[in-house]
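Going in written order, the chains are labelled A, B, C and D, and every chain counts its residues from 1.
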Amino acid sequence: MTIRVQSQDFDAGAEIAKISATNTNVGGVCSFIGVVRESADTISAMTLEHYPGMTEKLLAKIEAEAQERWPLEDSLIIHRYGRMEPGEQIVLVVTASAHRKAAFEACEFLIDWLKTKAPFWKSEETAEGTKWVEAKASDDQAADKWSEK
Amino acid sequence: MTIRVQSQDFDAGAEIAKISATNTNVGGVCSFIGVVRESADTISAMTLEHYPGMTEKLLAKIEAEAQERWPLEDSLIIHRYGRMEPGEQIVLVVTASAHRKAAFEACEFLIDWLKTKAPFWKSEETAEGTKWVEAKASDDQAADKWSEK
Amino acid sequence: MKILYFAHFREKANVAEEEVELPDGISDVNSLIDWLESRSDGYADAFADRDHIRVAVNQEHVDFDTLVKMGDEVAFFPPMTGG
Amino acid sequence: MKILYFAHFREKANVAEEEVELPDGISDVNSLIDWLESRSDGYADAFADRDHIRVAVNQEHVDFDTLVKMGDEVAFFPPMTGG
């Protein structure tokens, strides 16, 4: 049940190991690491801007929602902001549960949600200069599939 | 594209970090760690037996199938055998792809498959002695959902 | 009222954060945007495509018909692209 | 023919691995199981619940009507419980 919004990099392996050792009710730990990818435009770097205050508030809210929807023993979200080069880690989501299905679903729910509902904005440095990344319809669809009836 | 069947423990964090650094086409790395859980019968330990030779062959086959079905940049399966106590790691699956959906699906496919189709058998040490773990219908259903039409 | 601008809103309006005195007749987000647009070409450009405006009032994501008043913190930004 | 036994098959038949000479009339997995069952109470017990027998021939998971012959490696085990 930890949230960190930070500019510095993180040690994903160490963070995952910590969650994995939470308690002996944990049967499965699912994690997702988002990494800056070199796209077709050969990005030299991207910069993530966020809304300090609102970000932390929303992340806490969505983590609480994941806790309510799935029987999680523990969870962790780390999201970076600032300038990052290809290969650098952007985001880490870790979920631990007695059962693997809950761990997988909660992890995917959290990352789908971060993509579309957390106040972060990416700009990319391309050959033609810096431009804001457009939101993707596929990300909205991924987030919508978790909407409760 | 690595498979290891071994009795010794592994450093999940270091393994995940290695996959994550594969190449700059990787946008997302999904991983799952299966851990020995203390169940209602308060297991003191479990022992995993396997079919040497057939295990490695089947794991290579299923990893190749995952590579065919999803655009993976890299993948790793480590599965232990032997005696393990609660809190110990049993299995690690890591998948890396340009896109998170492929990484998540391939990772879940591999672990669902390992649960039901890889020649491993668990016995648990309980208060009443050692007993073989029964296969679960829920695991079969999880594996069946990946069957191709 | 404190207004925050993120991403291309900040770049086009050329301001990250400002304190404004609201003129009469501004009751909700819609009328606030109408007024901001009228302030300069930069603001007009920033708010030109209303389908791509997202707004938070006091750090809650809200609709354009949400009421606003002096003392609120209002933020304008495009659709989120985190993760 | 080499026969391997895993999990409760090994415990009940009290053997992990054996080389057997097949008597006449054994052509497929079904008839092989019939013969093995007849060898002792331990084997009979191991193979009593046919719904829970899984079999591999030359390390390929197969059905009971699969043909078997001398030189094959046949393995018996319960449904898998890995992961």
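We take it that contacts are C-beta pairs under 8 Å (C-beta built on N, C-alpha and C of every residue); 3 or more make two chains touch, one makes a residue touch a chain.
The structure displayed is predicted, hence computed values, not measured ones.
Looking at chain B and chain D, not one chain touches each of them. Taking chain B out of the picture, touching joins the other chains into A, C | D. Taking each chain's centre as the mean of its C-alpha atoms, chain A lies 49 Å from chain D.
Separation between the centroids of chain A and chain C, computed from CA atoms only, is 27 Å. One simple way to say how far apart two chains are is to compare their mean CA positions; for chain C and chain D this gives 73 Å.
Residue numbers of chain D whose C-beta contacts span two or more other chains: none are found. Residue numbers of chain B whose C-beta contacts span two or more other chains: 34, 100, 111. Shown are all chain pairs that touch, namely A-B, A-C, B-D.
Chain D contributes residues 4, 6-8, 56, 59, 61, 75, 77-83 to its touches with chain B in the complex.
Chain B makes touch with chain D in their complex at residues 34, 48-51, 53-54, 57-58, 79, 90-91, 111, 114-123, 132-136, 139. The part of chain B that touches chain A in the complex is made up of residues 11-17, 20-21, 24-38, 86-87, 89, 98, 100-101, 103-104, 107-108, 111, 142.
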